[in-house]
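The two complexes that follow have chain A in common; it is paired with chain B in the first and with chain C in the second.
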Partner chain A sequence: MMNSRRVKLVLLVIGIALATIPLAIDNQYVFHVLTMAGIYTVLAISLNLLIGSAGLFSLGHAAFYGIGAYASALLTLKGQMPFLIAFFLSGVITAVIGGIIALPALRLKGIFLAIGTMGFNEIIRLLAINLDTLTGGAAGLPGISTPVIFGMAISQPREYYLFAIIFVGITYVIFQRIIASRPGRALLAIQDDEIAARAMGINLTNYKVSAFVISTFFAGLAGSFFAHYLTYISPDNFGLNESFAILAMIALGGIGNYTGSIVGALLLVTIPETIRFLQEYRELIYGITIVVIVLVLPEGIVGWYPRFIQRKKLLNNRRLLSTTLHVNKEG
Partner chain B sequence: MSLIEIQGISKSFGGLVALKDINMTIEAGEIHGLIGPNGAGKTTLFNVLSGNYIASSGSFLFDGQEVIHLRNDKRVSLGIVRTFQNIRIFTSMSVLDNVKMGFHRLTFGNWLTSILATKKVRNEEEFIERSSESILEKLDLKDLAYEEAKNLSYGDQRRLEIARALAMKPRLLLLDEPAAGLNESEVKKLLERIREISSMGITIIIVEHDMSLIMSVSDKITVLAHGQKIADGTPQEIQSNPRVIAEYLGKGA
Partner chain C sequence: MLMQQIINGLILGSMYALLAVGFALICGILKMITFAHGEVFMVGAFAGLAASSAFHVGPLAAILTAMTVSLVVGLITERIAFRPFRDGALLSPALITIGISIILQAIVLLWVGADTKPFPYDIGINKFTIGSTIISGIEIIVIGLTLVLMVALQLFIHKTRWGLALRATSLHFDGASLMGVNTNTVVALAFGLASALAGADGLLVGAYYGAFYPQMGVVISLKALAAATLGGITSVSGAMIGSLILGLIESMTVAYLSAGYRDVIAFAVLISVLVIRPSGLAGRVEEEKV
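Coming up: the complex of A and B.
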């Protein structure tokens, strides 16, 4: 187990380093890639609460991402709301829908929940295509306003990037706190053994629905930020392939590991972007990632590293022990 | 009035009658043994008492309150706590976190206060941590606190389950075959431990096949056979009861 204070320090340093990038370089393309990585990080962290901590295999996260995006776009386009209120409200709307979906969906176990949520994802995409008076249909919604926060306009890539950093930072801290506390432990217990969890006095439905509400709230926020960042959304942005992309990021970083979700999202967004010829094969990369990680590193790259170190230490200790025993015998 | 009054409890699964018209009265602070041949309905009765099953009929007064229709987690909140015959610890969690789970019942941190990390929540977490450690110490599990629970030996896992149950500050503790799979010296220790728990003022109902354990630890014993109560009384009375002897050794004995 890694020292938690050391982990915090490392994360703080990384956070400061990331926040100071704009001072050093001013490359719009770099900011764009990192902003997208930030949005996917929030999606990955929030889905990780369901898949990694509560053991609820939801494969419809992109649907909630889409609901947040459309909600925010419509609230500002048709409702003339300021960004910050629309941002927050779209999270709330998504969370309410998430909670409503969770109630019947939670009757499904394991793989059936995955199939059910996949179906929901497809329904939302088709609704976005077919409710064209509201959503603009397959052509999407253009002309979404760029964010203005307390009179401060966000319009430069560098400003979006800073917003993304803060957004990711807050999300990360919130989910870490959840998982280290009473409700987080309850989720882990439910994932481990439902009967034993109930024997602890845990109300299963309550906690599972709450997990859905919190997870989808953040998916909605990510959707809202995405909409106001690109200023254009279409149903293609929120299809099943996006849900699988988020899943691949979680798997790569380590299921149930929130720091891993950051690393997973960062890698899987930046690698196809930086290696040009891979761009066409983005989905293929996600698919291969899931397969390889599940087979080779089921704990993900971030979960694997401390264990790797631990194992090395253990081996060294054993070697030391056996040599001492040997020496003692001879002596 | 007695702490536990069970009247006319029956439980059937489809056509199979697993429990028929069970009556029991247990006083506060008592250690009550529950014995019977395999398939007698002991574990079913446990499941009915803990709320894992809902009884087909009957009444269960706990401290004067009717609880027979309450769900498992609601009964836990009244202080009815159980362990399982086939150990149910949280295998993927650390030993310490397993005990921390036991504190779920009596702590209050919710989603919002945990996210805000309020002072109250931080104090509560510290309290949970310290109390969990002291429980582990009491049960000689402290050295294993950060071990993953699945790596524990069978006997240690049994002990961990009891540690977790104690963290829940039970008023009634249901022990389902706590000695199963333990060796002789471990059983001896378990016996002392049960007495110790009892001396903390916790009422205990214990299902066990180890007769020497049950006879030495119980104040009263109820014997079940074929889903019915066939006898109850002190260990001496049970040992000399002809119906009990007949059930255990066969009718010809």
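Coming up: the complex of A and C.
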């Protein structure tokens, strides 16, 4: 899937280009859109580990995003903790809840897991509305402090943007390392055939729970950053629509493809912004985009490229037939 | 008091049931879920509303209009989102139906605007009083019509050749195909039935609450999906039972615990049932083959 050297080079170029944007442009609106794209990229990459690599069809990712956001907001507002500690603690709290949810959730297969996690997402959103002494209820939590890291205050759009880039970069590298390692291959084996994987000595429960824990940890971090970026959160930010949007991002980029998740998140965050002038037609175009891309490129935008290369190779070299056919299998 | 709550529960249950059996029909055959069912419901509701307010048709004609329009939208959804993906990929149909639900909401929003529309006229049935329990005219229609449609659906599934084809395809898709069942037609049939019922439900729910708005299908379809899953999402009668259970749980929660937590309790029950019996109360337990 990765013809790795070229991909790395392209990524490096894109990374440098993104990092130099602040030198060229100083537009708060552009920074805002790109920062939001960064947050969604982390969410998409982390959900991709569950859906794309482990084959766990979870539709409740926004719930974990929300748990992280509320945890971090409350830790700083009521616990007076500094940002960095609250940031990591909210990740840990979310991961613990993710692990607890994972244990029963793993009894569920396919659509039942999807429905169960959707139910969980609704429960979290409704709890955020109803536990109003803690969460501020439907009105949300205002006045969350802006981040301060080792005495450096982050308050300008440009600074948030740089933080987002570093956050995305670290997340991306970690997930690429995970998926290239033995546990990553174990997850792929589980996705392909659970029984065969078990026969090979792979402990299904351990790997699946670990995938949940890692994935929700990063969703929690993204939530924390979101809370301290907007300084205001409300239950509406973490509904099922958000979960669906994250799912759409990884599907547009290519299931199981982490580079694709970046592309998908960038596209789905920027498309509605660039067609802002169409106002009332935005939602319509957004919906049509999702339908058309899934129909035209079922492998996703980035997933499509390696498949194309493989086809060409296939014509040249028939021996590749057995090894390439099952690469881009959809979960 | 208790009697009144049971009536409320039955009404809620009826509203969920008409949507939930649709999920069960579709999921029973395709083993996939549609996320556009709430919007098929909403489009039907608005079609019925338009028929009654613009063309002044009677209630029966309004219901039939709602069912027809929903049926067409449902069949289109099946064509776009499910027909191209018979290989069992879960994600593509899920995403396309999410896309379609966004599109349908956007279209209706552009057409009628975001504000809530009331039902144009009073349905001329007087309310009943049994002891201290009051049943209004619209409540009788909701429960009555649901009952009629459910019985008709059960008769269709169990007494006709088409129903036999539905059951066979639900049991084994490829097997039914090999036995000469045109499975594409059967899938379309399931979608048609599910969508028509959703359309009727849309008009009923809109008239009952006196509120038609583009997002009216979002929450209720999620609850209906929960109800269907509760009963075992591949079983039509399971979906009916699940809906009644969910309706009763909700009305009891509102009456004796707290109105804010009705949905929390509903989804918590769903998750607990799933954890204890992963295929729902009446669902078939699919054995894993090596």
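Note that the second predicted complex is superposed on the first by the 287 of 331 C-alpha atoms of A that agree within 3 Å, B and C clash if a C-alpha of one lies under 4 Å from a C-alpha of the other, contacts with A are read in each partner's own complex, and residues count from 1 in each chain.
By our rule, a contact is a pair of C-beta atoms (placed from the backbone, for glycine too) under 8 Å apart; a residue touches a chain by one contact, two chains touch by 3 or more.
In this text, all values refer to a predicted model and were calculated from it rather than measured experimentally.
Contact with chain B, but none with chain C, is seen for A:184 once the two complexes are overlaid on the shared chain. Of the two partners chain B and chain C, more chain A residues are in touch with C. Once the two complexes are overlaid on the shared chain, A:89 sits clear of chain B and of chain C alike.
Legend: residue contacts after superposition of the two complexes on their common chain; A:214 is shown touching chain B, with no touch to chain C. In the overlay built on the shared chain, the residue A:203 is in contact with chain B alone; chain C does not reach it. When the two structures are aligned on the shared chain, A:174 is found in touch with chain B, with no touch to chain C. Looking at the shared chain after the overlay, A:195 reaches both chain B and chain C. The residues of chain A shared by its contacts with chain B and with chain C are 195.
Residues of chain C touching chain A in their complex: 27, 31-33, 35, 80, 84, 89-92, 94-96, 98-103, 105-107, 109-110, 222, 225-226, 229, 233, 260-261, 263-264, 267-268, 270-271, 274-275, 278-279, 288, 290. Partner chain A is touched in their complex by these residues of chain B: 50, 52, 71-73, 76-77, 81-82, 84, 88-93, 97, 100-102, 104-105, 107-111, 114-115, 117, 121, 124-125, 128, 146, 164, 168. Contact residues on chain A toward chain C in their complex (touch as defined above): 51, 57, 104, 107-112, 114-116, 118-120, 122-123, 126-127, 129-130, 195, 240, 244, 247-248, 251, 255, 280-281, 283-284, 286-291, 294-295, 298, 330-331. Residues 1, 174, 177-178, 180-186, 188-189, 191-193, 195-204, 210, 214 of chain A are the ones touching chain B in the complex.
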